[in-house]
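Questions regarding the structure given below will be posed in turn.
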Amino acid sequence: MLDNIEILVQAPVITLDLVLNGLLLGAIFALAAYGMALVWGVMNIINIAQGEFVILGGYVAVVMAAYGIHPLIAVPVAALLLYAIGWALYRTVIFRIVDRDLFTSILATFGISIVLQQLMNTIFGGNVRIADAGLGTVFLMNGMVSLAQVKLLAFALAAVLGSTLVVFLKRSRLGQAIRATAQHPRAARVLGIDTDRVYAATYGLNAAICGACGALVAMAYTVHPYIGLPYTIRSFMIVVVAGLGNLAGVIAAGLGLGAAENVAGFVFGTQYQLAFVFLLLVVVLVWRNRRLARKRGYLK
Amino acid sequence: MNAMLEVERVSKSYGGVRANRSISLSVEEGRIVGLIGPNGSGKTTLFSSIVGTHPIDEGVIRFEGREISHLRAADVARLGLIRTFQQTRIYGRMTCVENMLISSSQRGSSLFDLFRARNPLREKRAEELLEFVGLHPKRHLQAGSLSFGQQKLLEFAMALMNEPKMLMLDEPTAGINPTLINGVIDRLKRANEEFGITLFVIEHNMRVIMNLAEYIYCLAHGELLAQGRPDEVRNDQRVVDAYLGSH
Amino acid sequence: MSKSRRPLLGHLAILAIGIAAPLVFPAWQSQMAELWLFIVFALTWDLVGGQMGYNSFGNVVFLGVGMYACVVTQVGLFYQVSAYNDARGGGATIFTFDPRQYFEGLAIGLPVGAVLAALTAAFLGSLVLGMRGHYFAICTLGLGVAAGELANGWEWIGAGSGMVPPNPPGAIGDLSRFYYYLAFALAIVTFLGLRWLYTTRFRFAINAIRDNEDKAEAMGLRTTQIKTTAWVIAAFFLGIAGGILGNLKRFIDPIDTAFAGATFGVWMVLMAVLGGKGTLWGPVIGAILFQVFKEASWTYLLGWQRVALGLLIVLIVVFFPQGIMGFLRERFPAWFGHRVEGVKDMDAVEETKAR
Amino acid sequence: MLHYRTFMIAAVAAASLPFAAANAQSDGSIITLGAAVSLTGKYTTNGEHTKRGYDLAVKKINEAGGVTVGDETYKIEIKYYDDESTPARGAELAERLIQQDGIKFMLGPYSSGMTKAIAPVTEEHGVPMVEANGASRSLFTNNWKYLFATLSTSEQYLTGAITLVAKNADDLGKEPEEIKVAMAFENDPFSQDVREGVLDDMKEYGMEAVIDDQLPRELNDMTATLTKVKALKPDLLIVSGHSKGAATAIRQINELKVNFPVLAMTHCDSADIIGKFGDGAEHTLCATQWAPTMSYSDELFGSAQDFAKLFEETYGYAPPYQAAESAAAVQVYADAFERAGELDSKKVRDALAATDMMTFYGPIKFDQAGKNIAKPMALYQVLDGEYKVVWPSGVADTEAVVPRPST
């Protein structure tokens, strides 16, 4: 561990490399997290099937690539398909748990995630798949920092998608309805907003975001039926850190997590990378709780 | 000298809003003291500050001469200072008797006491107090199934079960059927006389508080506006203005 | 038959069935042993999740701690743990345990596992039990996964290669029968222990926390202390269950066996919910039904069993959240001692009192 | 209503459970082998290769008339369960196969972890298990009597790579003891055992490990490790993490343009790195148990090439070695049944222990511990988009290109 830190101190450019690559991955996490924050904030549902949506989107890109269609085209296609899937899931299951407690939604969406994993395994096989976008690599600082173009592209697309979403939520009628419902469902209902439809759209929108995100994952990383969990967990972590309804926070936390994770993996060894993420989650929660707790001491 | 509760220059703000500004008051042992004031004048905030639900920004709170400003809620309660809530809080999925049994005084008791065998004295006391508030026939019902008024009575009984030295009641008659209010006042007075419990009562209903309290403090906009005996306060022009102004 | 004797006879019948089952159905004994452990899982989860209302996804931490602590003790009493675990890569040493060593290790290992799990609960509880509601659920989820990942990186206990519990000496004979009875005994002790616990005021205290924690605090209950105690009790029994499970499974994978949040961790929640949260018998019934469903789906729905499991979770949570006991209580409140008296004469009583 | 239905379903399931334990064992003239393989979970791909290997051999043997035991001929069947890629489940299913389904002969699962979980069970019940996918060395240090493995054990997987690098150290401008090795192994029983073997081999030449990272099981990014590789410039990078590790490594090495002289890994063919990455996979050294170009043959399948062709016709892709070694495991059983002359577990075990046969997959002969000592491990190299065996020299198609030409 110490020699790893030594490397970083001696060659700061490596830190830069780690951080930049981490930021690129973080953008994808942030995108998925934004979807999770949307569903959580508007519908009060924690969607454990988030990662499975991402992987499903990835498979859309993989399948299209297999038919010779450039995976970039898969980004909107995956979003559309996943919107439909999300909408259908809402109409069959999710609408029944909207007004129940978070615990119910965690368990129910966990069930959904198992089913999705299994179906993906049956349909697409258990193999590791990729969608090749056929892009090169960008070098900086005498080749010491290398960034895959596809990751840069994914980063850019994530940014575009994110800002489109913000504009959509601000400007469009549906977006305004979603925001109104998030703030006060009962009042929204009184004002004539069909909250049920808003919820369906929100859940579909989240799935669509994940789908687009997944297509990027398939281009830049790998997909596999059982690898959704990391995306769920990191989305979760990001939302918890950033809080709901705080887009800037979600982006900052997403990018920060990506970078921190990469540096931690380098310093502690990759075997502790995931443990680091989770312990960070626990530490953040405990710290938040401490901060919120009153400063009154115990009676001695 | 025999002030049981002393509040000295207590301030508390939430976000940017200053809910309590340098409030000082005291409640003497054995008395019934009222706290009135228009909506949003900081009465409930002061209660919460006293019993330790949240930290105060400035000031000192003493109970029986001992500073409790930094104690947590549970520890304040264990000293014998118990509050009730405006929106009643009871244990909805437990029966009335169970509600009572877990409400007995925690003063000086340890975790271990929770594992002790049943205590017939405690059970008898619970029945008596349920009888006292008129809920005895409903003692085996789930508390959550009671009407709002009955829940208020149950909460009152639970507070008595705790054998507090001082009981702080947040609007004990709010939401209660007007025909039942006299019964509530009667029981509060009996609790004060028979059980020797000092009462500190937030009340909106002027008729009730004038009837009940021996001394009254009035808050407005987070500050102490007036104090005195009921008739003094009632005739205080500032109090009248505050109430009228709030409408 | 008198009313007080009926439950006694019922209990005796269960005891008889439990003792006779492995002799009658020897082929099923390891599944039945697992079932008894599942009952312990569900009962202990319900203590915190059902009775106290703190839905934990991290109880699997105590299972894993108990499992590792027990097995490490079993080995450590007689050999160097690091040497034992290094040998997985092929050492010359062969580690054998004679019957005395084997049972001695187990007799010390199980309590060590229980105590360590309880200590872990005390420590973690003081950190995370201050949180309310869903933040607690999330935090425990994180704890469960983090524990698995840490164990997965810790060389001393075998890291990702896992750890093999001591090989039982051949003289012992049918090992899974031995563990069946151990698991059975643990389930009985846990059940009776919790049944006693639920007769004390401690049960009222944790129910009060479930129903209204602020009120409980305002009434002088030190809630964090009580919550931690409940978690410690759950962890204690889970720790023993972990030790038994590790030896029963004979190979401890850090993520798939010990800190198996995605399987045991979720199953314990599911079993309690299925049977009915906040009841004594609910988790037991839930565990039985779940185990039967699980085993049946493995036989009849090969390759689709996880789909079936996922659908089961969704169905239970969405359509049957009150569980079997909850359902029965709604329909037949009288069975549960919830007396409902004539509402009409109640109002009359109230009126007279008020006058 | 729904509650009643739930209840009824559960009740029916409960009632029907005991009947599941019906008679599966050799009624009439069928021998049933039992296997718990990964049909779901993270090892699905390789579990499938394993199952297809078994199935193909069974089909072929039955077509050829089955096995003659004593005076009777038997057909072979396999009873499968899905272990979901979790060891805890594997042990349970083994017990189930033996106790409830009455299986007397077991085939192995996929992966070392799963085999580790199952072996104690089969051992306790005295049921022979011929396994083809548990390479971990520790499986063979327990004095187990009923465990036999057709494959070479894990410590041999990458011996070839170390040897080749040591031999070609000159071309790297170094002495063998100056060679710097970077290691990235998944944190699972198999890969960790491969690591142990690599460390032993390195010690022999005095090589130094400059990176020793363990990859998480939920692997989706190995940037941290590859950045270290960039910084420390090792001569050899070794990666082992089943199919997922192989695919992720090659993808990111190419993307980050990490340059180093030699890359060696496991599971190239089961991850199909050539199909996925084309040029990106060029010059990678891959551990393999078997290759279709090898010159082994037997009567059932013919040559290795014939097996490969048959497999491809049947399943539509070239057989990874996992399929070949699994098919061989069934052949071993068939052979042992015939030699044992009766279907008694103990007798069959003794016959298995005495196995000395040639198959399309290579020679099979078990040592005391039950591992196959007759067949060497081999090494592929990806050359011009094809897997070429480059080591050991006896079976090599061509000369290895080490280090890879710098581009």
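Going by the order they are written in, the chains are A, B, C and D; count residues from 1 in each one.
The criterion applied here is as follows: a contact is a pair of C-beta atoms (placed from the backbone, for glycine too) under 8 Å apart; a residue touches a chain by one contact, two chains touch by 3 or more.
Small disclaimer: the values here were computed from a predicted structure and weren't measured.
Visitor: How many hops, at fewest, get you from chain B to chain D via touching chains?
Guide: The fewest steps needed to get from chain B to chain D is 2.
Visitor: Quick one: which pair of chains has the most contacts?
Guide: Top of the contact-pair ranking: C-D.
Visitor: Let me spell it out: compute each chain's centre from its C-alpha atoms, then which one is farthest from chain C's centre?
Guide: For chain C, the chain whose C-alpha mean is farthest off is B.
Visitor: Report the most central chain, judged by the distance from each chain's C-alpha mean to the global C-alpha mean.
Guide: C
Visitor: Approximately how many whole Å separate the CA-defined centres of chain A and chain B?
Guide: Chain A and chain B have C-alpha centres separated by 48 Å.
Visitor: How many angstrom lie between the centres of chain C and chain D, each centre taken as the mean Cα position?
Guide: 36
Visitor: Nearest whole angstrom, what separates the Cα centre of chain A from the Cα centre of chain C?
Guide: Averaging C-alpha atoms per chain gives centres 32 Å apart.
Visitor: Distance from the CA centroid of chain B to that of chain C, rounded to the nearest Å?
Guide: Roughly 41 Å separates the two chain centres.
Visitor: For chain C, jot down the residues that touch at least 2 other chains.
Guide: As it turns out, chain C has residues touching two or more other chains at 149, 152-153, 159-160, 303, 306, 319.
Visitor: Got the chain A residues that touch at least 2 other chains?
Guide: Expected reply: 118, 229, 269, 271, 274.
Visitor: Which chain D residues touch at least two other chains?
Guide: Expected reply: 40, 187, 214, 216.
Visitor: Using the touch definition up top, name the residues of chain D that touch chain A in the complex.
Guide: Against chain A, chain D makes touches at 40-45, 47-48, 184, 187, 213-216, 218, 220-225, 227-228, 230-232, 243-244, 247-248, 251, 255-258, 271-272, 276.
Visitor: Which residues of chain C touch chain B once you look at their complex with the stated criterion?
Guide: 197, 199-202, 204-205, 207-208, 210-212, 214-223, 225-226, 229, 278, 337-341, 345-346, 349-350, 353-355
Visitor: Over in the complex, which chain B residues touch chain C? Could you list them?
Guide: Chain B reaches chain C through residues 51, 53, 72-75, 77-78, 82-83, 85, 89-95, 98-99, 101-103, 105-107, 111, 113-118, 134, 137-138, 140-142, 144, 150, 158-159, 162, 179-180, 182-183.
Visitor: Per the contact definition, I'd like the list of chain C residues that touch chain A in the complex.
Guide: Contacts found on chain C: 55, 57, 127-128, 130-131, 133-135, 137-139, 142-143, 145-146, 149-150, 152-153, 159-160, 262, 266, 269-270, 273, 303-304, 306-307, 309-314, 317-319, 321.
Visitor: Would you pull the chain D residues touching chain C in the complex into a rising list?
Guide: Within the complex, chain D touches chain C at residues 2-3, 6-7, 10, 13-14, 16-18, 20-21, 39-40, 80-82, 84-88, 91-93, 95-96, 99-100, 113, 116-117, 120-121, 124, 136-138, 140-143, 153, 155, 186-189, 191-193, 196-197, 214, 216-217.
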